[in-house]
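To keep things simple, chains are lettered A, B, C and D as they appear, and every chain counts its residues starting from 1.
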Amino acid sequence: MSAKRKLRIGLIGTGFMGKAHVFGFASAQKVFDLPLQIELHTVADVTEAAASRAASDFGFAHATTEWRRMIDNPDIDIIDITAPNALHKEMALAAIAAGKHVYCEKPLAPLAADAREMAEAAEAAGVMTQVGFNYLCNPMIRLAKEMIEAGELGEIRGYRGLHAEDYMADATSPFTFRHDPAGGGALADIGSHALATAEMLLGPISAVMGDCVTMIGERPDGKGGLRKVTVDDVGRAFLRFANGAQGSIEGNWIATGRKMQHDFEVYGTKGALCFSQERFNELHFYTTSDLPGRRGFRRIEAAPDHPPYGRFCVAPGHQLGFNDLKAIEVAGYIAAIAGEAPEPFNFRKGLRIQTLVETIQHSSTQRQWKEIAD
Amino acid sequence: MSAKRKLRIGLIGTGFMGKAHVFGFASAQKVFDLPLQIELHTVADVTEAAASRAASDFGFAHATTEWRRMIDNPDIDIIDITAPNALHKEMALAAIAAGKHVYCEKPLAPLAADAREMAEAAEAAGVMTQVGFNYLCNPMIRLAKEMIEAGELGEIRGYRGLHAEDYMADATSPFTFRHDPAGGGALADIGSHALATAEMLLGPISAVMGDCVTMIGERPDGKGGLRKVTVDDVGRAFLRFANGAQGSIEGNWIATGRKMQHDFEVYGTKGALCFSQERFNELHFYTTSDLPGRRGFRRIEAAPDHPPYGRFCVAPGHQLGFNDLKAIEVAGYIAAIAGEAPEPFNFRKGLRIQTLVETIQHSSTQRQWKEIAD
Amino acid sequence: MSAKRKLRIGLIGTGFMGKAHVFGFASAQKVFDLPLQIELHTVADVTEAAASRAASDFGFAHATTEWRRMIDNPDIDIIDITAPNALHKEMALAAIAAGKHVYCEKPLAPLAADAREMAEAAEAAGVMTQVGFNYLCNPMIRLAKEMIEAGELGEIRGYRGLHAEDYMADATSPFTFRHDPAGGGALADIGSHALATAEMLLGPISAVMGDCVTMIGERPDGKGGLRKVTVDDVGRAFLRFANGAQGSIEGNWIATGRKMQHDFEVYGTKGALCFSQERFNELHFYTTSDLPGRRGFRRIEAAPDHPPYGRFCVAPGHQLGFNDLKAIEVAGYIAAIAGEAPEPFNFRKGLRIQTLVETIQHSSTQRQWKEIAD
Amino acid sequence: MSAKRKLRIGLIGTGFMGKAHVFGFASAQKVFDLPLQIELHTVADVTEAAASRAASDFGFAHATTEWRRMIDNPDIDIIDITAPNALHKEMALAAIAAGKHVYCEKPLAPLAADAREMAEAAEAAGVMTQVGFNYLCNPMIRLAKEMIEAGELGEIRGYRGLHAEDYMADATSPFTFRHDPAGGGALADIGSHALATAEMLLGPISAVMGDCVTMIGERPDGKGGLRKVTVDDVGRAFLRFANGAQGSIEGNWIATGRKMQHDFEVYGTKGALCFSQERFNELHFYTTSDLPGRRGFRRIEAAPDHPPYGRFCVAPGHQLGFNDLKAIEVAGYIAAIAGEAPEPFNFRKGLRIQTLVETIQHSSTQRQWKEIAD
């Protein structure tokens, strides 16, 4: 029936994010009228058992334990990397060299220098890339961006961004790769989301003053001892934006009681917006164009007025879930590969986030403001 | 690979609910470790073009314009009915007669008498049935039920339920099948959800006093004229429950500004619960077992602690969407067909809701309290 | 300096409400530019000690144990009754007969027949009266009324009112005068507030169907035994309004966890309002005149735009407290006595509330709808 | 009756804050069982007309245009200064020299050096002093402090404080004394409240990194021209506390739509608290001692459990207003003068806030972290 060109996926990694990607591919296919026909071609994992099981569970036609073979396979169009962060660079560069499009989970790489190498390789090769910053796909955050760009808030003056959770609040939770001095810490892990949202909404950050603090100095090493932790539990920054606005962001993984406080407030000369991921199907809007005595933050509920919400639910108020955001992310990437739209969040943007994170970290260590190149 | 038995679906209807069901099947398959392997076998619609297109878009192997042929096909296990309400009975009875399991969108039938015939036929035939009351699948409503049953609120005394939206608030929106005196009206259309939630949480309603009001007495007939409307725009009732509690519910489709106010409050001797579908990943809980001076409604956020949330998201606070509730509904039904669990919401329960609706309507007309058989 | 005429107060009762009234007089004097100069003349209580102490604490010039002498005293202008409900009628009629203005706490009298006698006596005598329904004095509720009357919601269709608390939720709390079959019960005690707010906002109720339920059938009698309770713990009603709207109210004193759930929602053809006394410095407003995609309930915060808020705070967001509402109540009454404004809530209105309460109670007992004379 | 010693007030300034103080004295007297009897003795203002009118309106026995005479009057016990900030020092030092107690509105003085002189003079003279930081008097903030000190949150790790309003958001609002380089700016004007709350809850701040930004560089000078503005519209800081916690605060007077966003969040090892002045009769509390699956921020409503709330309202949920906080402030000061309690917020504490503000300002100018002496 469909004469659509096929887009064949090779997935590396079958853990939670691997599953989330497969789910995103399936949902995107069902929900959107995608320009390409997704085909789950091959899945790679370390053991044959894991790979085979994933192929069966997820619906891939083939399984392998050799991700390099997958990259060599001319039948595969996209390499989708959900392997550990430390492997992202090697895998992505190999895939790019083979001319594949590359979809890579965040962070692009632990260090900005590596991320830069990856972004430049992709651009030189002309392949389409994507890094998974799914919160940005929320129709309500897109609405916020649209309202800001349309001038509904007037000139933007101030911003307050946050991403706080409590998954590291327990001092007895063990040392993991997230505590690795190379690329670890709350700012890199979740503060990066706050930075991505800030730049999506207000444009480039031009200067930062960082404050990265380790509150839990050692954690169980998994062998009965303790291991020193040097990365930040709280990483925050003062911000200057190229558009003249100022503000702050914070990443915090020891905020007891918080599960998903990815919040922002934007203040302009004529209005303001407030958002919390805790209620992410809402956006709160204040406008001075309302009559005196009738002004107030209004709670806009997600609705078909806010694309692509209507792809998921035909009526307002039904609400999207987290996995739906992943489907939107996938759909945007497929559209870019089909040449219908720019890449939503490519390696260059992933590099940008790593650069911001590292600059804030350096600023904190050196206790100095730092400029950020556009 | 998988030795799972196949469960082959025959879908009637390819509109919004048809799509939602397909989506539910796909998600359930991805998200849950289902005991049976779903196969999208055949889809039926009125025209060949519509059926073929749906087969291609939704991933069915076959298409047909003859739903009866589908019912005669021994390869098909479940007939899934998302056709107009008026056709539910004929289709379901035919499918049951052919020994198929039947999944039918709500309402089971416009009239309770028809719903009864369908429920009894299914029980006689021993097939597994399901009616789509997806709000009940919300982990937070299941949590509420669990808390009530465990006695966390003490003895239940009072209930206030609501389902209000504004999709009929505009008097110029035309007369549709939802305004049909047989089975139409706000109470039947959405008040039914409030009734289903009330009985899920507190058990059987034993008596009602109804109040069904038509506020918009005529609507455009689509031919340039106006057509008289006799069904309720607001349908409410006083309630008595078999467990001794009392309360009220309201269904309202002219509540300007409300998109999904499916709310309830439950008050017991030792605590209370409040819920709003507007923020359906939360449940608010008050308990007198908290210390004096420290009491208050606490906002519990959906988390892996609240099954099957963890099937969708491994971390708390990420949130489910409306379509995820449909996947939970499907998974429960598949488990029932596999003999692993009771039917979550079978035709007998669908009949129960129709009976409640009609009794409230009669009570309103006759201006009298009515008993309801258990 | 001030040439203002004096208004000399005679207060009966020195308990909590007596103190609240004195506080209201003092605040009103400080906050408003009252047309009359309040003078705390005499206070009456049962014992000389109580009366003397109250005179000293509250700032009255004289104390007495004989309320009738106070009424005979030509120097006193207003008799302010905060004595037990059962004494309201005798005191008020005597004061009216002596030509005094009368300020009486709610309820005006336990029975509507008594309230009627009081209202008629006051009208015949031409004295100014007031009953204390202080929630109505909230600037945000006045704003709601103003918005409704100005047509900002369009034509009003629906109303949902509530006053729920939990001060009687504990079955071991003893039998009091509030459980007296003559005038007692949740509907009379606090449902009366919900009725007063409903009529203030939408105008007269024309018909009711009541549902009054006793959930705690006996309470400690204070002598080691139990006493049968016949009054309602929950009293609710379906409503019809003379303006064509319909709705419901509920009074509930066993709503575990609720301290001041005096809430309402009003739905019109063009907008809606939601209010909760739990956050009584806010009013939530939805209007269809906002642009599509930008609509939502907006949270209007109390501000000088909403008179008489500005009398208390010069800037928005500072918030009024419960006692400030009492000062507004007093100020309105003084203005009426000075002939500058109509009585805000006179005995006739107090009678109206008693009539509504009793009609709902009778409707519940007789299980029949009841008309209510305008 | 009362044998209480009198406390005679001499008030300087009859504007809004003068009125608020008088109101506070009156309310405190009515609401609390004060150890001393307040007498409104003399009021001073610039013109005879203003002073006389204030005496009459506010209930002072005497009026004067010479504040120095009032200070010389041995009948007066307290000098209450609500005159312009620039005059605070001269007036306070004169009053202290005369042995009077001094109550001074915030800020104590535009510069910390002046505030220090005032604090030291008062201590040397042994008079009781008070600066008006009324938000701290809120029973819910006192509850927060009590909970933190009792260890209900475990060890405190993080803090986020804010005081944002929009009263300077309009670039056409004129230059005022609040824009004076000596003592002006958002951080000094309202950020000072955020600092006071932070130290009240967590104890001394030990280091700061400031960021003070001018967003509106010139404002109307009231003579048809524009005047350059150099003070901050937004002043924020990273914080370190002596107890080992870290955090941030922000003062912001251009936050369009915000009227009273005096908010804080405190995170400890075992729990968290969230508060907003926008709903200041509530405190939100999360504790890990709740059972898994039942945890969440609970909304504690102000109640008699939270002294001195019960002085104002005998039942929970009735709510205090802004002016009630002023009465609590006054009552605390009177108790200190009577020797019954320590001074709630004396000149030494007022100096502390000025020191914090100036250190943050210097830190911002010098772009360096600054230590703060305990």
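The working rule: contacts are C-beta pairs under 8 Å (C-beta built on N, C-alpha and C of every residue); 3 or more make two chains touch, one makes a residue touch a chain.
Worth saying up front: this structure is predicted, and the values here are computed from it rather than measured.
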With chain centres set to the mean of the C-alpha atoms, which chain is at the far end from chain D? B
Looking at chain pairs A-C and A-D, which one is connected by more C-beta pairs in contact? A-D
Could you put a whole-Å number on the gap between the CA centroids of chain A and chain B? 35
CA centre of chain A versus CA centre of chain D: separation in Å? 42
What is the distance, in whole Å, between the centres of chain A and chain C, each centre taken as the mean of its C-alpha atoms? 55
Overlap residues in chain C, where contacts from two or more other chains coincide: 258, 286, 295-297, 301, 303
What residues on chain C touch chain D, complex-wise? 1-2, 16, 19, 22-23, 26-27, 30-31, 52-53, 55-56, 58, 165, 167, 258-260, 277-280, 301, 303, 312-324
Note which residues of chain A are touching chain D in the complex, please. 153, 157-158, 160, 169, 171, 209, 211, 213, 215, 233-234, 236, 238, 246, 248, 250, 252, 254-258, 265, 267-272, 286, 288, 295-297, 367-369
Within their complex, state which residues of chain D touch chain B. 143, 282, 284-286, 290, 292-301, 303, 305-306
